[in-house]
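Below are two complexes that have chain A in common, paired first with chain B and then with chain C.
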Partner chain A sequence: MVKLEDLRQEAAGILKSGKVKYIIGYTRGTNGFRPIPAFIKDPDDVENLIWNPACVHNLTKFIVDEKKRLKKEKNPDKRPIGIIVKGCDSRAINVLLQEKYINREDVYLLGVSCEKTGVLDEKKLNKKLKGRRALQVDFKDNGSWLVTTDSGQEKIQAEELLADRCIECKANFPVVYDIVFGDKSLRKTDRPFQSVENMENLSQKERWEFWKEQLDKCIRCYACRSACPMCYCDECVVDTISFAVEPDTPAEEKAQKIKWIEKSPNLSENIIYHLTRAMHLAGRCIDCGECERVCPLDIPIRFLNKKMEKEAKTLFDYEVGFDPGKPSLVSSFKDEDPEDFIR
Partner chain B sequence: MEKILTKKSFPEWAEKLKAYKIYAPILDDGTWSYEVINKAGDIDLDFPNTVQAPKKIINPQREVFLEFGRSDEDTPEIKEVLPEEKPVVIFGVRPCDAKALTLTDMVFDGDSKDVYYLKRRNQTVIIGLSCNTPPSPNCFCTSVDGSPHSEEGFDILLTDLGDRYFVRSLTKKGDTLIDLGKALFTAPKANDKKELTKIHTDAEKKLKREIKDVAKIPPKLKEMFESPLWDDESMSCLRCGICTYLCPTCHCFDISDEVTSVSPFKGYRIRTWDNCQFPDFTMHSSGHNPRPDKASRLRQRIMHKYQYFVERYDHYQCTGCGRCVSKCPVGIDIIEVLNKVRDYG
Partner chain C sequence: MAEEFEPKIVAFLCKWCSSAGSDLAGVSRMEYPPNVIPIQVMCSGSVSPLYILSAFKKGADGVLVSGCHPGDCHYIKGNFYARRRIALVKELLEFVGLDPERFQMSWVSAAEGVKYTEIIKDLVKELKPLGPQTKLRRNP
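For the complex of A and B:
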């Protein structure tokens, strides 16, 4: 088990010694059981840190934020940021390292093991509780969770409530860390692409009908893009004004900016948005599932990225986020590639 | 006008409203949403609050203003497009969402009139459902001059009395709808009214969330434009648009031209929702952005609702529906932020 006391002690230590600027972790929120991201600067505040199956957020997005903030500062404090990473989150760190978006010394990684389970799917929990309200969800013993509701406590097999991405997870123990908490007890995943395979079994017509209905719901709040640690571009195709525009950018250059996607939240434009995003994440998505979790309309966005992950695996034997030294999928090729155009 | 309608007769009444386009909350793939109803029997008024407010019907995310095109090189053609002329009924609107429409009226039906909004608004009859229990754990309507049985913005308000609805018509539009099913309604008896009062009083006590001393907030905010509080509270913000797009009172928009065909040249001028939480909302063509960071954008959201709008219209531009709290991916909680503002310094 991850001992929260150990985690807090380490956090207090690295804050006291000044080794890190601040720590990004999880703390109690005000909306029922849901934890929220915490930014802890004061060693006395480490008591607020928590760790439970509802700590779903991929906090590495805030490293991207910090990086953008530092760029604007005149005398930036370049000490590392302490950050709590689950297995999937640590893979995101590896991708950011691989793409040279961050340096290893920018972060101090406090790894936490998901220990044979993973994180909670709130929708599954709500279904299970049938109207009762969850106040707290905790790790119990191996493979089960303790759910505290407004009408008592119950032990539930984690499998019933696990997020789909955790069921298909290939790294429930961090793959990169400075210090790690919890046991390295990997859960076996027999079918890492089960959800995609289920989708592939449908006919083309059925899939089209499914996606038409799903993507038609999109209100383009861009929460999927906002939550994604890999969506760090300064310039995004959906923004009306390019962020590459500076006060001294010549008018001719501004006039040449192409409008890739219209503002109309209709099926055609929504599809362009989601497919562009899926393509940009091919070979980069580490399946933290944040895009799908944050979607207010419950669009199963994860499928699109998972499909690309499967393509990368089957066509190029490429797995994302395990080796930061490896060339990235889209910026490398092999001499023995059967396609002629590449040579 | 006050009436009683049994739940058994309810579908029959709804069936009589065939001349109207009917919207009601439906559960689609786990998400409650106001959608067009083809069979009145499908209406289920036992629902928590919907993910999206019914503002999407009155102020749709995309409104076409005009069609433009060119049939030959030299002849531009422009055609005005107005919303479809069709009376609409929305069933099951919550008091917070109806009140939100009255706030948006102040903006679109103020000094300048927005013909698109007003056309939709005026052809829509709003049938409310009072909240016997809070539909969301984050409801806080009573903190912002609202109530679970507020009548503001309704044509008819229904209150669930178990096997029947207490029906209160508040406008002529409402009376007309009741007249269409006249025989189905009966006059309320003394015990119906007694039960109604009890349910309404009990409902107010069930709210779990509250902003205390809310009146202290607008003057306090006025002094807090430069406060470091905004940096702290916005640290976890992802800059997505959930809070504002789901908000029943947010109404900011953008106007753009979309070309749908180059040959023959054709396109639309449209209005779409816009969002103060997006970095490009205030981006100038010069490259300067007066709200360059998430702190200034969170401040804008709070200030607009609890200071600027209050100063201009004497109302909070927030009805306490709790959607922004429930759906924020990182748990930014407007109630907490406002409590901190009140106690700041």
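For the complex of A and C:
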């Protein structure tokens, strides 16, 4: 079990010694059991740090934001940032390291184990509680969680409440860390790509009907892009607003920017947007599920990325986020890559 | 009598092999269907997934990406990168329910004018029964 006392003590220690600028972690929110991200600068505030199965956010995004902010500062504080990472978040750090977006000394990683379980899916929890309001969710022993509701406590097997991505997770333990808390043992997964396989077993027509319905909903709010730790490009191909325009950018250059994808949210443009995003995340997505969590229309965006992860594994034997020293998926090749689809 | 459906194929041909191969087919006066719109690119490895998706969006019924045979790339390894990337695009398009025949890749060298005409003939034959591509098209 992760001992919160140890975590808080370590956090206070590194803050006091000035080893880190601040610590990004989770704290109690004001809305029921849902924690919120916390930025802790004062060693006295470490008591607010928590870690429980409701800590779903991928905090790595804030490292990316910090990196962008540092670029603009005149006298940047170059000390590392302390960050609490789960298994999937640590893989996100690994991908950022692999792409040399951050350096290892920019971050101080406080790894936490998912205790052979993972994080919860709010919809599954609400369904299970049947109208009762959850106030707190905690790790308990043997892969079960203790759910505190307004009408008492209840012990529930984690498998019933786990988020889909956690069921398919193959490393629910940080792969990169400076210090780690909790149980190192892994939960076994027999079918890591079950949801994608179920989808592939549908007929071509059924698949099209599914995606047509799902992607037609998209309103192009770009929340998925904003929440994604891997979507850190300053210029994004899908919207012209993000193109870097400086006071001296000539009109011709502005006019010559190609609009590959129009802004209007219609089915065709939406499909192109989501497919492009899936391609840009191929071999980079670590399946933290943030895109799907923030989507206001509940589009199963994760499927597209998971499909890419599956193909990377089956076609090219490439696993995302385990080795920051390896070349990335699309910037490397092997002689024996499959080519049976080529005429 | 209703006119027969003629598929529109966008072919991204690499400058050094496939484009020269299609030229050879032309200067040798080989016959092949006029359905193909060739676009010369510097290397098959330079074909971004966006080119392909964009072609489908603008109404292509089929897309072909063609490059040099492995080992013959003018830039030594461009077509190896292409092979990986195109495989992923193909899987993704099939995953959302596009017909697998609509997106194809081939190796055509500068000497393979005959092979090029065969590929185009096959492609047209496969695409005709599928009818127009309306799934990814902007204005179907």
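Throughout what follows, the second predicted complex is superposed on the first by the 332 of 343 C-alpha atoms of A that agree within 3 Å, B and C clash if a C-alpha of one lies under 4 Å from a C-alpha of the other, contacts with A are read in each partner's own complex, and residues count from 1 in each chain.
Just so we're on the same page, a residue touches a chain if its C-beta (ideal position, glycine included) is under 8 Å from a C-beta of that chain, and two chains touch if they have at least 3 such contacts.
Note that the coordinates shown come from a computational prediction; the quantities given were computed from them, not determined experimentally.
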For the three-chain model obtained by superposing on chain A, do chain B and chain C clash or fit? fit
Name the contact category of A:Leu315: first (chain B only), second (chain C only), both, or neither. second
Would you sort A:Asn142 into first (chain B), second (chain C), both or neither based on which partner it touches? neither
State whether A:Asn103 touches chain B only (first), chain C only (second), both chains, or neither. neither
For A:Lys263, is the partner it touches chain B (first), chain C (second), both, or none of the two (neither)? first
Once the shared chain is lined up, is A:Gln157 touching chain B (first), chain C (second), both, or neither of them? neither
In the superposed arrangement, which partner chain does A:Glu200 touch: chain B (first), chain C (second), both, or neither? second
Give one of first, second, both or neither to describe whether A:Lys123 is in contact with chain B, with chain C, with both, or with none. first
Which holds for A:Ile271: it touches chain B only (first), chain C only (second), both, or neither? second
What angle, in steps of 10 degrees, lies at chain A between chain B and chain C when each chain is taken as its C-alpha centre? 90
What is the minimum C-alpha distance, in Å, between chain B and chain C after the two complexes are superposed on chain A? 6
For chain A, which residues belong to both interfaces, chain B and chain C? 266
Going by the contact rule at the top, pick out the chain C residues touching chain A in the complex. 49-50, 53-54, 57, 70, 77, 80-81, 83-85, 87-99, 104-107, 119, 122, 135-138
Within their complex, state which residues of chain A touch chain C. 199-200, 204-212, 237, 260, 266, 268-269, 271-272, 275-276, 278-279, 282, 304, 307-308, 311-312, 315-316, 329-333, 335, 337-339, 341-343
Residues of chain B defined as touching chain A within the complex: 29-31, 51-52, 61-62, 137-138, 235-236, 238-242, 245-246, 254, 256, 258, 270, 272-273, 275, 278-280, 283, 285-288, 325-333, 335-336
As the complex stands, chain A meets chain B at residues 29-32, 34-37, 39, 57, 61-62, 123, 133, 217, 219-223, 225-227, 239-241, 243, 245-249, 254, 262-266, 290, 293-294, 296-298
